[in-house]
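One structure is given below, represented as structure tokens, and several questions about it will come after.
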Amino acid sequence: MDMSSELKVEGDFPIHFRYTAGLAGERFLREIKDNGRLVAARCSKCELNYLPPRIYCERCMSKLEDYVTIASVGTVDTFTVCKQDSDGKDLPQPATVALVRFPSAHGGLVHKVKGEVAIGDKVRVVFREKSKRTGSILDIEHFEKIA
Amino acid sequence: MGTSLKEDDIERQKVLTVAYRPKVKYAWATGIAIGRFLMGLRAGEILGTKCEHCGRVVVPPRTFCEWCFKESNTWVKLPDTGIVNTFSICYITADTTRVKTPLIPAVIGIDSTTNAGFLHLIGGVKPEDVRIDMRVKAVWLDASERKGSITDIKYFTPLK
Amino acid sequence: MYSLAIAHMQILAGLFDIVAVEAHSKVSDIVDISPVYDLALDPIYTRPLGLNANFIVGLEMNRYLHTSGATSQDCKKVVEKNRRNAISNDLAIKSANSKSSNDISDSISYPLTRNDVAPLADGAAVVVLAVEDAAKNLRDDPIWIKGAGWASDSPTLETRDWDKATYAELASKQAYRQAKVRDPAREIQLAEVDDTYSYKELQHTEALGLTSQSSAHQMLGQGVFDLGGRLPVNPSGGSIGMGHTLEMSGLVRVVELVKQLRGDAGKHQVHDAQTGIALAWRGIPTASGAVVVLGNR
Amino acid sequence: MFVKKRVAVVGAGLTKFVRRAQETGKELAFEAVRQALDSCNMRIQDIDSVALGSAPDAFDGVHMKGEYLLDGAGAWRKPYSRNFVGGGTGVFSPIHGWFHVASGLYDTCLVVAEEKMSSCLPHPQAAFLTIFDNMIERQLGPNLIWIFALEMQRYMHRHKIPKEQIAQVAVKNKRNALDHPSAQIARAVTLQDILDSEVLAWPVQRLDISPVSDGAAAVILASEDVARRITDSPVWIDGVGWNLDTTYWTNRDLYFPRYVANAARMAYEMAGISNPRKQIDFAEPYDPFDYKELHHMEGLLLCRKGEAPKLTAEGVTERDGRLPICPSGGLLGVGNPIAAAGLMKICELFWQLRGEAGKRQVAGDPRTAVAQAWGDLMQIGTVVVMRS
């Protein structure tokens, strides 16, 4: 084969992004930032409380406008111990991550866990100190196992 | 129903946003035909291919004729002259920043091809003097500076 | 495989007599695929965590092993089977046949190890579809599309089904309805299913109704899914054995299934198969997939 | 041509088009879908399949954004797939939906198109860089406007068209959009305003171009028997066509979009249209730039090559003219959230053919109309013919 077929041309996307949290995301993140609590959007037709909230029910496509507070204690549905960061490089320390379900909510939250957990463990949501919150999902510091 | 925001609403954090910079990087293999085309440019030559089925001579070269859908393996050395098929006088960059000295992109129809050509720049001429159908010739980088890139041709300039 | 389903509709609608379907992978042009997967994650809720997208695979694999009772050893058996099957497949990438390792240091996102992940590969595949009359003119032994289906579960990590591959179940139900397959475990003789990650083969085999929920690892252990077994799964070697060509993988599964049903599969030929199924999954972070049921009569 | 099932549009929905929307892409898609369902009193449970159109992932900034958007698009646990043919996507989306119903596999299909271009920084135009060849074009420092400027210049040269005749299109469309509730940049501008606007890449000036937008659109398709149960006035998709020319765009003469002509012939043949100039009552050709409307009128065989500027000057293409073109206000007036803008044109055909376009309603009693979009690397035409 011709050597020229080995030539490579390097490149990337010279763009970056800025995403709005959206109508439901704004409400969710503000509640965490201002009040340190989780809210879900209620579909009264399907009797589901969407966590994180949305402006629509994905099942019946009703517009959702009512929000309910969700107690920030839940159960580990599944977890993993992730070794790499988003670029594929090793994390300084492996991160335990869990999908946590909450009793009255449809959905749940995916976030980091402090310490070890097993499926079925009860955990609570630990919010960042109020002065340090920025209106991001990282205003949740981690889940913490309840002894 | 499409809640309109002003840039200011975001900058003053009236609404929440997440900033993100993608780190996707590529190293595109040039492939067989373009790899050889780029090697030709390094050697100071414009290479095309001929389809032995329909007789069409094309540049950029390709390993197959997309009309006949047959292999096209006959390589042809083309002259570095041609005509301006169309051109523009461009005052902005890709992110819409304004520039003082305009670029003059053009589709250059290369001589001895079957109405084929490629995108390049026009130089060595005042923008207002560029015309469609004007005859042009490639201005090359010095051989020592050429590296197998489309920019081994600096630009095309009117043929005196 | 979505492309095949869409071409199928174009023919059924009466729009065209013959349609070519192409898929390819040139993943080698991407320096590292991790940032590409990262860009597919929800930008508000998931991406800020800064984790490699394969954490989603770790979460799902852990949940699957927990609910099904399968173990990491069972997943290792999937890998061994598929690599073994690929040895006689000329289209398989060579590196895919390398020896399996299960070193704990190879953990990527517990319980997922490097060994569970199909190696990336470049390639291209084309399938030509023809309406019945045209097909009969083109060759004596066309392979028939008996049914096709595709479906998506919720795209969000929070509200999708984590206990089974619901997208594959829904997609296969559509395809079975069209194909008039009532009892897939009896009527389907071989399967080419997505195995981007080892456990996915087990999870997908169950979702297609080829074996009951949580039983795939037992069937695997009994050799049912082996090349010479009662219901060979990925006799081609799958993506684990052949190389993972991203979204082309679904069409590779179809090409391999066509070869089997024609009796052209060479050394990895399954004995006397008449009806087979192929399944594609769209990869992380999706819960979407497509299914096609093919038959040779 | 034999088509297994005749397909109708029975409902439509459209968000406002805005420069920056607070809604996420999913939320925009939901708003359009909800409106489309409400417009024909349907429930999401009545929808058998969903077809999404959305242009490059690099606008919204989500890889595989079709997957990301699917819950907002109403596709939860349904057969769902995304089509993408660049700028041609919006008009290809109903064709993609048409396959579902015309094949007989599904009775209904929800067609959704979404674009959130404001996510992309420093400017969405930079996302277009990768449409240029990575090996032999990107090194030259191109930007998207180049391809339009090069094509426009060739078109003007070939037919000796002065710039003033092209700029008339922008005047008309921005004015038409004053009557569109979704419009982003409707305004009364004069020809002189356009000719005086900033030169970006000659002959392209600032006001020759449609804006950057966020928005979503949705239409609902149904098979004939189902459609008649849903509404007394279904609008039929009687012709679909698409065609791709070679990717080697520098090997083509850019003065005429032969791929659009090929796509139009395919759609006209299916719809039994032998003389489009007589049989088409109005049209929504793709107008991201003003010259494109003219280029596409010719591609759609609605006039002779080079004749579109003259018809525009004579007022033939005004809303009360003999052949109204872009009565919606088009991309130049309503806005250009790429795929959603194309589907907006299908919505316009639907409303106009039902006589529901309000102040935008074209004169006479339109029975047959055509919508068209254009995309990929200046190479695809997508065409839909609809009848009341």
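Letters A, B, C and D mark the chains in the order given here, with residues in each chain numbered from 1 onward.
Here is the rule we go by: a residue touches a chain if its C-beta (ideal position, glycine included) is under 8 Å from a C-beta of that chain, and two chains touch if they have at least 3 such contacts.
Just so we're clear, the structure is a prediction, and the values are computed from it rather than from any experiment.
With B-C and A-D as the two chain pairs, more C-beta contacts join A-D. Separating the CA-averaged centres of chain B and chain C is a span of 40 Å. One simple way to say how far apart two chains are is to compare their mean CA positions; for chain A and chain D this gives 36 Å. Look at where the CA atoms of chain A average out and do the same for chain C: the two points lie 29 Å apart.
In chain A, 9, 11, 13-23, 25-26, 29, 58, 86-87, 136 are the positions where the chain touches two or more neighbouring chains simultaneously.
Those residues of chain D in touch with two or more other chains are numbered 20-24, 61, 71, 76, 122, 126, 129, 134-135.
The set of chain C residues that touch two or more partner chains comprises 32, 35-36, 38-39, 43-44, 47-48, 154, 156, 159.
Under the stated contact rule, the graph of chain-to-chain touches is complete, every pair of chains being in contact. Interface of chain C with chain A (complex): residues 32-35, 38, 43-55, 58-63, 66, 107-112, 154, 156-159, 162.
Here chain A touches chain B in the complex through residues 1-21, 23, 25-26, 29-30, 86-87, 135-136, going by the rule given at the top. Partner chain C is touched in their complex by these residues of chain A: 17, 19, 21-22, 25, 29, 50-52, 58, 77-88, 91, 95, 97-99, 106-112, 119, 136-138.
Per the touch definition, chain B reaches chain A in the complex via residues 3, 5, 10, 13, 15-32, 35-36, 38-39, 94-95, 148.
Those residues of chain D lying in contact with chain B across their complex are 15-23, 28, 31, 61, 122-123, 125-126, 128-129, 132-137, 139-146, 149-151, 153-154, 157, 182, 199-204, 214-215, 246-248, 250-251, 253-254.
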